[in-house]
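In the two assemblies presented below, chain A is common to both, partnered first by chain B and then by chain C.
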Partner chain A sequence: MSLVRVLALKAVTLILVLFGVLMLVVLVLGATGVSDRILTAYVGEQLRAVRQELSQRIRDPVELERALETYRSELITAYGLDRPWYTRLPQMILRVLILDLGSSRTVTSFSGSSKVSDIILERLPNTVALVTTAVAISSAVGIALGARAALKAGSRYDRAVSLFSSVSFALPSWWMGLIYILAFSFYLGIFPFGGLYSTPPPTTPLERAADILWHATLPVLTLVTVILGGWAYISRTIVLNVTREDFVAVARAKGLKENLLMRRYIIRPAAPPIVTNIVFAISGSIGGAILTETVFNFPGMGRLYYEAITSFDENLVIALTYLYTLIYIASRFILEILYVVLDPRVRI
Partner chain B sequence: MPAREWRVFWSSPTSKAGVLLLASMTIVSLYVLITYPQDFGLRIWNNPGYWADYPKEAPPSWVNLFTADKLPEHMVILTDSPAYTYSDGQYYKVYRLDFQYEYSDTPSFLSITLGPAIFYGRPPYLEITVERPDGLTVPLYFATAGTVLPEETPPYRRFDPSQRIFLSGEEQVARSLQLFLRMNNVDLSYNDVARLGPERIIFLELSGEGLGERVLKGRYIVNVVFIGDTHDDNLSWAKFVVGGKVYGLSGTDRIGRDLAAGLLFGFPVALLIGLVTSVLTTSIGSSLGIMSGYIGGRVDEIIQRVSDILNNIPLLPLLIFFTFIFKPSIWLIVMILVVFGWSGLTIVVRSIVLQVKSEQYVEAAVSLGAPRWRIMSRHVFPRIAPFILAQMILSTPSAILAEASLSFLGLGDPSLPSWGQMLDYSFRSGGVNIGLWWWIIPPGVLIVVTGLTFILLSLGLEPVVSPRLRRMR
Partner chain C sequence: MMVLLDVRNLTIHYMTERGVLRAVEDVSFQLEKGETMGLVGESGCGKTSIALAIMRTLPDNVCFSSGELLFDGEDILAIPAERYDQEIRWRKISMVFQGALNSFNPVLRIGFQVAEPLMQSRKISWDKARGEVARLFSMLGLPEETIWRYPHELSGGMKQRAMLAMALILRPKLVILDEPTSALDVSVQTQIMNLLKRLKRDMGLAMIFITHDITLASDICDRISVMYAGELVELGDADDVLTNPLHPYTRKLLAATPRLRGDRPPEYIPGSPPDLVNPPSGCRFHPRCPVMFDRCISVRPPMFSSGRVKVRCLLYG
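Right, the complex of A and B next:
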């Protein structure tokens, strides 16, 4: 019963987080007048377009101005610019909450649609593929490195792994990306400078897949380099803690083979925290990929977020911030459930 | 830190390396704070005019150590003592600017800057020529020092504070060079001459067939002749700049900024951001953690719920969002990092305090009737202080990285140039795509080394913080 209570409490917290972030973003956009400015600019833009069109039909300048003025006030009412910004707030939050994301102002999808959901759906798979590939590779390699280092604690190998993790902790992913571009694209010329497809893209599916792999190698390598150290460090700490437990000493005293000891007495109890770390890493890296995607001009969510912010695309910014938070807290919730499933001690 | 703990800390090589690095970074920062002007960012670094007479995209000078063909160094020749002569009622002042040129490549540009001029009668006449090592004299530039307006009265002042003539882009220079070449039996169109520019035509060998490929080495003399009507007509100084193809310790960027100056300035900026953020974050986080753990009840509940919420917020997207909406400023970045960053430590400190709370010396203090704040500050805090210190040091690199990342996205504070901003400009202007390594590698290496310094320090502190680890050794 208490287990349900714990999960419910977590769920409430996470929903509060989601709501809080959304509220914060909308409040800041409104209170700083940015929202008003964006909408006013948008009204002006539409008016210019309409003026062109109307001037073909209405010759009398006075009448033209009057028609435009009517149109302008209609637009202002439609956008809610005649009311103070906070009255637009509940409506906006409600819309986003039910995932009615509206349409963007300047950024469009590759197929030309300006519906926010279209744009995001087009980019989301790219980011998810990039991040999961990188996490999969780095966790596999990192766990192996870390576990080996823990078993040889204090050795030269262990110290090398520790040093590498320390360096990677201080390594900005985007700079690593720049260095890889410099080395592999500029000097060696074996990988492209950025993007996801060649222009023009190859036609056969097989060639197309190879082309994407070729373009994605450096971004994946960048992410792997940066998060690998963290993996090695975490796995080392977890495994080291387990090897110091009394039951491992007892098992060893019983004369169990190292192999068996490793499989049954060390890896098994060390697994739950490592597995939960994988979920954690994916959710964390999706936000972090903003920088890597910018460096490689990678058409994912992070690059989109940057484009949306620099082009003042209000709807897109709100939608993406919401989505980032949603992904983040969803994975946090999965994490909570995984704790329960993987670690029998929590269930008691 | 008591002596015993200090000995434990100092015994590991990682701590020594960390302390050494931190000390050198502090020294560099102090040097910068003392020698750099306060408004370095806006008046110097981000002001293209200041860097006009620097070579653009020049690699560091030390690349010459690794090549047989020496690229030209940047040269600035200045004089304020002319030779005087008088003839036919005219006063001649000759500013002689001479230099030795022994490089295998031509300069990247030529420019001349003249100091304030003063005159009493008709505007003086200016004549700029170059004597080449092979004895030929190249006429470059002729002009009067402005015109006199009817309402003006002597003395007339011109070129105040200075007048820069960019010889490599001056139409008149190209015309006189074309004439010079023609007199030496080399026929080139005006466009060709303008494309080659004085930096090649003056510094390449001339033969009967045309302009050679090889650089003419030897002594060059630039003569700036100032011809005035009265004895008191005067030009304060003349400066000749031979644009190098290598520059300084770390080269220059697209607009000619001396990268070494920017790299040095990055030290105090990074330390400031890192330390201010980590001190604030850790003090808020740990004091709330102690309160939450020791007082308990409703205070505990509120603090834990808030930090749980903050702990689940994706930081980077919000950080980008806020810096973009508000004016990018270093204090805003620090504030956001602090507001969203204290929660993790609070949760950990609380759980440690819960253990400390039930220890005997705390219970003894309670039974003696000591007030709560006194127990928290005198008994609980000292116990967890080493841990808090280690956390503070460990949280410093993330603040430095966060600022660098935001700067890289173009959201840096322009009044405080940082390593992230240098990398932002190099990336956006395509410096990576054309392989300007001296503009890309050093700033990043400094970011990594600065972060690593604090990580080494916190690794060194680990055995002090958790004595269990010490026993294992």
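Right, the complex of A and C next:
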């Protein structure tokens, strides 16, 4: 019963976090005047386009100006520029809250749709195939490497893993990507330079899947190379800290078999922080990897966010920010539940 | 009486970054069945190293060790590790570690951790082992439902009792208690000491009681051995050592104990414990000794017998 209360309390806190983030977005866009400037620029742009068109039909300049003026005031009302930002933006937030993401202003999907949900649904699978795959591989391999290094702390293997970790951690992803392109695409010619599909794209679904995999290999390899080290080192530190605990010495003294001791007294107590890393990394991976996606010309979520910001696409920015916050909050809640299972100390 | 544990010339050196650290040097003592011996000395004087040597869980940086540990007449340092694990470890010799507060795995239930040695040695399940744990818990004054508790739900005193239960689960002949009460407040400390005295009486348990608190040792020990800088400096019946201390270090140690009655203020020992990487020449206590004379600097004193007490001091040669 109390457990339900604890989780409910966490849920309320997380919803407050969500509102906090959205409030910040409104403040940043509204109070700084960015939102007004973006919308004014849109109005101006659209008026220019309409002027071209209308000037063909309406010859009289005075008539033309009057028509344009009418159109401008219509646009201003439509965009809500006649109202202050603190009434306009919250409306947008309320709409987004019920997952009505609306449509973007400039960025469109590859099929031409400007519905935000279409754009995101088109990019999301690409990013999952690329970044989530890389995170899954890196965490699995990194945790195994790091845990083994910690259990053999000080050995040659441990020193090799530590060295590799710092090298991997120091490598910039864009540089690693360029090197892989140079080696595997330019010299060896076994992987494509970038993109998502071959031109022309294969027709059968199976071939399409294989084509995406072939195109994703180098970017995945790049990401794994640069994030594996971090995983190995952090896992090593976590496990190493546990091996130095008094209770491990006690378990050893009382003669617990080594494999049991490893499982129950080292890996098990080290699990909660490692699981935290995994959940946050997997959920964070949905945000994409801007640099790697750019180097490999890979249309993922990271580049979408970047494009939305650089083209001042307010709707898209708000929708994406909301989405990422939602993912973060969902993963936090999953963690709270996992912790109840993994760590008796949080059970109240 | 029968000798249970015969420690002969035990020496342990560690390799550290600064050089070889002589943690235990030529320590010999005997422990009889059912007897309690106090191992007293200041922090870092080698008490815990002796305990870890008996448990065969010395850390990896030991670079030299010699001597014999005869348990029931057999050298337990010389037998293969597998045989030690199967016959001696926890079955005949167990230990309550320093800092019981961290001696339990935070994610496993107390009862399960206490039962683990039993489950492993008898190859029985947790369900079958639980009865034995419950019996032991009630003997040690722990409520039966403590079995299902996690470590963070227990007070320090309860954890220490549970730790004792873990040490006693295979009914060993010898329990090493390493500072078993140092993390507890005084009233809980008294409860644990009374419990230990009862165990000693009822189970005929032999104990090595490691402490830096000589008055605490006097409460329970039949015999007391005083260590200084890795060496045994005085060894004898508790009554003899406490009422008529021979070694200058023991004397100063007892004089440093505050008394409730009388107006004698507690004394202190000038200087600080020696660096065991570069121990003083001759007698290791000579730089701090109030009655030091020339030979103390050059001659390492052997153990002399003075009455029933053994003492490592040239005054008694």
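As a convention for this text, the second predicted complex is superposed on the first by the 274 of 348 C-alpha atoms of A that agree within 3 Å, B and C clash if a C-alpha of one lies under 4 Å from a C-alpha of the other, contacts with A are read in each partner's own complex, and residues count from 1 in each chain.
Please note the rule applied: a residue touches a chain if its C-beta (ideal position, glycine included) is under 8 Å from a C-beta of that chain, and two chains touch if they have at least 3 such contacts.
Please read all numbers here as calculations on a predicted model, not as lab measurements.
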Which of chain B and chain C A:320 touches, first, second, both or neither: first
Partner chain(s) touched by A:116 [first = chain B, second = chain C, both, neither]: neither
Chain C versus chain B, contacts on chain A by residue: B
Chain B versus chain C as contact partner of A:247, first or second or both or neither: second
A:290 touches, of chain B and chain C: first, second, both or neither? first
First, second, both or neither for A:135, with chain B first and chain C second: neither
Chain B versus chain C as contact partner of A:150, first or second or both or neither: neither
First (chain B), second (chain C), both or neither touched by A:175: first
Touching residues on chain A, where the partner in the complex is chain B: 13-14, 16-17, 20-21, 24-25, 28-29, 32, 34, 154, 162, 166-167, 169-172, 174-175, 178-179, 181-182, 185-187, 193, 244, 287-288, 290-291, 294-295, 305-306, 309-310, 317, 320-321, 324-325, 328-329, 332
In the complex, chain A residues that touch chain C: 245-247, 249-257, 260, 264-265, 268-269, 342-345
Chain A contact footprint on chain C (complex, rising order): 55, 57, 85, 89-90, 94-95, 97, 99, 102-108, 116-117, 120-121, 150, 152, 166
Complex contacts: residues of chain B adjacent to chain A: 305, 308-309, 312-318, 320-322, 324-326, 397, 401, 404-405, 408-410, 423, 426-427, 432-435, 437, 440-441, 443-444, 447-452, 455-456, 459, 472-473
